[in-house]
């Protein structure tokens, strides 16, 4: 049963599922914007795992493109997560400085 | 290549296990006679005052943000720059050059912006005050205009 | 069970445990530390799928960059750390049910599908191929990323910049 | 070829059918336990000796001849010393942090090419791997500082993290310029490219003026990465008691100290490998030395070559380590604002400029080095 | 004649130039000499040249069915069975070519005008960059408008439609230090949003029916009998047509969403000229002209006609009592837009488009002339303070006079031609064919008279009589060349010869050289696609032609004469005229028929907010307390039954329930519905995901 476990998509997808669900749970239950942000990171990583794993499913076969698309997508996910971290946490700090509170539910003055 | 990954992994695992192991082993060898003076937070001999978590200068944070962006940039440039030598020798270096340095240039614009705005200066007070005065003057100026019209 | 299988299972378990800690630990700093673990597990999965460059990039950008920024954000103020970090038990009710249902549903989907054999390629030159992709079909996106980075940088700085002006005006008015 | 493969190739001396991961673990044990940690320890002794020489003192001279066993005594002392933690300390992270620093510093040794055959892991992304592992250090420092709940620690940790992450940028760009010139990211291949007029050129530091400058950028950035003087702000003892490791004692402090030296050695080795030609010497190629000795029917040449290579490589690295120690007693510490200015306003623009320059050089001269160009001109003349 | 490919390239270049100018202006504008206004002006001028080339091509073809299209796949997803394809495309036909020419012409002249008008805004250091950003916004707007005109599908049209909405918002609020301007910009944005949302729904509904956003596909589908036959199909077409028309109602400020346009006059005058008179508001009309076959099929045309007729009459009445020179023009714009919509409604496709073009030209002229007056009067907009400016601003006066004659529908001016066509069609439709729709021609003719009246009122109050504010009037002098030149050009274009085509057509070799119309190049070139010619209606048109023309001329003359009597010779004092009407009429007009009050105080305060409060309470009480907290509260409820019932209800539900006092509770509960709790949003999304999964799993 365990043989070839690394050569089956299931474990990667299971990992991605777990990351996604825990990330979602984190986002839903944290009362702290930084915590919510961590949940977002988990969800993003779940997506990235899927990209790489599904690319490996077809890697170097006739159906795959020669450009390592899955890895490139994951690379861009990492990059965007970094930018997102910078901007999101800047906002968190700014809000914190202004309101001494970063519960996303309590900070609603900015709505249009 | 996976074999090499395994080699690297064994290094990482060993490097991670080693400190744990050392601490674990030394735990049995070292003496432990704690008392409250020993366990107090060191504050130059005085009794510790307040919490250690005072509000920090968020310039640290600004530096971290700028770092993050440039870190991404460096990481993304590696695979592209790796192609450069071969392309330079065999031809076709121009697109790579333009791509990579277009990328670089765009981020340098960001760096220059930070530089001009004084965000990478550790001591910002002087700059900020000057800026504040200028903006204040502009604000007043505009305000007076409104009154006129 | 080959060495690779063992490693992947190890990463899986590590990732699950760490992400659970991220989701459930009431102390935000522990959650951040657990997030390091999760990200390392993901990097391990990348490596075992033959994506060495990606694994290293995950380490450099995520662990070396994002986590540092998160830690700074956490430590920047004691109140973030001391504040109650999780919702009360009451409010966790629905998300818990939801998450469990979602997870069960996805697992069912996962198990009931035949995914086929995975080919883990013995990539000799992932970096070169990523470089070719970035200079080839993804060139435009690559440049676009530069623009996004620039705007993210400027936006973040403008937002996070300490504002002395405001203090001065407040002081002057009061 | 990695060390593990090298070991598994010696199957005359070992029983067959040993799984491969045994060799790779053996390689790790050899490099880390057999090299990095002892050298890290010895470095403490050497540093004290060097300091004493600079200050016209004698330095440690009691334990063993010339006090050479001092590091051993120090190690035992640390190992056996009581290890207190403040009562507010967050014990889990408090224990984790030194481990993280050590893991980052020691794990990076996997990609150090001691010789053509002795390298932990001949990764395709060698340089990148080193950068990745080195970036763990800042985390360790930050977490360690936070967990000890001490104002000085936290201040030092913040400074340390900000400093380390900042200087990662010039460091990365300097490495990037080497990648541009060599067209490789594997450490072995980079070193191979520096053979004396062999497959390419000479040491990359002399490849072109831009790389020459970037070597110094790299050196300064690496100093800051290791928190060495003049960049030892995180532990500035005159300002912050002892900085991020104020509350650490016993073996936990020992791990920090070990990691610092391991970091210094690691960066010195990387510098030796990618800028100073690794095991290559001018005018000779070690790989062409054949003494013809053999043992049990097998030629000993590879072994001898390897020994030579390791010696040369370590010689170069130790010169750099010596310079690092020398600087400690020469330069005063920087202020925080000077530190940041140096990074963002000088090193990064300079490194970028050099990167562009190196690219243009490679493009215009088709990857030839200065020495090749000169010799080519002389040949043509 | 150019190859189709090069025409397409040219068409793509037209919006590209202003876009580049926008980028330059936005990023480096303030560092350029003269704040970079020349960048925008020259970019739009180049676009104008390109548009002229396309126009010349159209002219040389002179074929009503001339169409050049090109399209590229943008997004291709979905399966073979359920294709989903978004396409980008360019469609050049006579409509687009004329429209491009008009937009680029107006935009060029208005850009030029702005270099003078906005001049005093660049003097100060702090405001300097606003001058650059003004031109940046203008360029962005022009780019979006041009892209809208050339787009061959509803989707891109909608995209640029929204960009224009954004630009409108930015430019109305350009004097952002004035609260009124800021409010007006928000009002304009939010009001048009209602229409835009409905339009988007309509577009999507259309997409579900036809599977494409492209006009070609829509026309083809209609030709092949989509929506045909069954009642359901007809109802769908009606529904879609109605929703698409809602977009026009928002953008072209038709009743009942007209409230934003008068307020939009808070923007700088060139903006009013370009956006709120000449082009953007015309885009709404352009949309219904483009989708005319669909509207006809759905049978929404009568509704459109009534909305248009009502708006035109209603706005014309409002315009009479205005004293702000720009407000008068704003209401006249509303009124004229109503005309265009009326024309579409009665099926006069060509007349509507023709009025769109002529109106754009003379209204731009009028607005810029009023801008010149305002500029000369040092930003005084009240007509009562003006007067006797004829001698001081001779060129402006003459240009404005020409444009006023044009808008009043005096023969020999462009307005006459187009308005006449509309009125004749309305008469043929409402008077002859369907006598039950008699309101349409009556409203049209009444508006024609009123238009002449209030426009000449404006002229007389501004340029004749005695100066209201002597100090300002005496200092007024003619505006610089870059401001009067556009006026002169546009006034020249307001002459009827260019549109009736009897002259131009003859000169350029198309049609016969006969005075009296009938050979207008417009009529020949602009033909509704798909729709078949109705012989009977054509006949009625001929019948209506003479009476309609005479009636409109007579009414216009009456209006002018009456205006002369009241405001020039003052034979009839204005006060006496005003007293003729009962008080409530004045009150209604002064309060703009209570529309603002209705929207703000009734809809929002009395209906929407209580509703949202109710929903919030529902949310908090039912969903939060029962579903979420319910399992815990069961215990509490059991206890409370034993204890004091009242206390616990108030305590638990109202006070403790949200952890605050009642006002806080209300405030907090209001938020939950409106905005804010992102985590709840995500929760809803996750529940939806789960539901979808379960549905798929079960089904």
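Letters A, B, C, D and E mark the chains as written, and numbering starts fresh at 1 in each.
Basically, a contact is a pair of C-beta atoms (placed from the backbone, for glycine too) under 8 Å apart; a residue touches a chain by one contact, two chains touch by 3 or more.
It should be emphasised that the depicted structure is a prediction, and the values quoted were computed from it without experimental measurement.
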If you check the contacts of chain B and chain E, which chains show up for both? A, C
Over the chains that touch one another, what is the least number of steps taking chain A to chain D? 2
Among all chains, whose Cα centre is located farthest from the one for chain C? E
Identity of the chain that, by mean CA position, is farthest from chain B: E
Centroid from C-alpha atoms only, then distance chain D to chain E, rounded to Å. What do you get? 68
Distance from the CA centroid of chain A to that of chain E, rounded to the nearest Å? 43
Approximate Å spacing (C-alpha centroids) for the pair chain B, chain D: 21
Measuring from the mean C-alpha position of chain A to the mean C-alpha position of chain C, what distance in angstrom results? 5
Give the residues of chain B touching no fewer than two other chains, as numbers and ranges. 1, 5-6, 9, 51, 53-54, 56, 58, 60-61, 64-69, 71-72, 75-76, 78, 81-83, 114
Do you know which chain E residues sit against two or more other chains? 683, 686
For chain D, write out the residues touching at least two other chains, lowest number first. 20-21, 123-124, 128-129, 133, 154, 158, 161, 165, 168, 185
Where on chain A does chain C make contact in their complex? 2-15, 17-26, 28-32, 34-35, 37-39, 41-42, 45, 48-49, 52-53, 56-57, 59-61, 66-69, 71-72, 74-76, 78-87, 89-94, 96, 100-103
In the complex, go through chain E and note every residue touching chain C. 627-629, 631-632, 683, 686-687, 689-690, 693-694, 697
Sites on chain A touched by chain B in the complex: 75, 79, 82-83, 85-86, 89-90, 93, 97
Inside the complex, what are the residues of chain E that reach chain A? 671, 674-679, 682-683, 686
Chain B partner, complex, touching residues on chain C are 3-4, 7, 47-48, 50, 52-53, 57, 60-61, 64-66, 68-69, 72-73, 75-78, 81, 120, 122-124, 127-128, 130-132, 134-135, 139, 142-143, 145-147, 149-150, 152-154, 156-157, 160-162, 164-165, 168-169
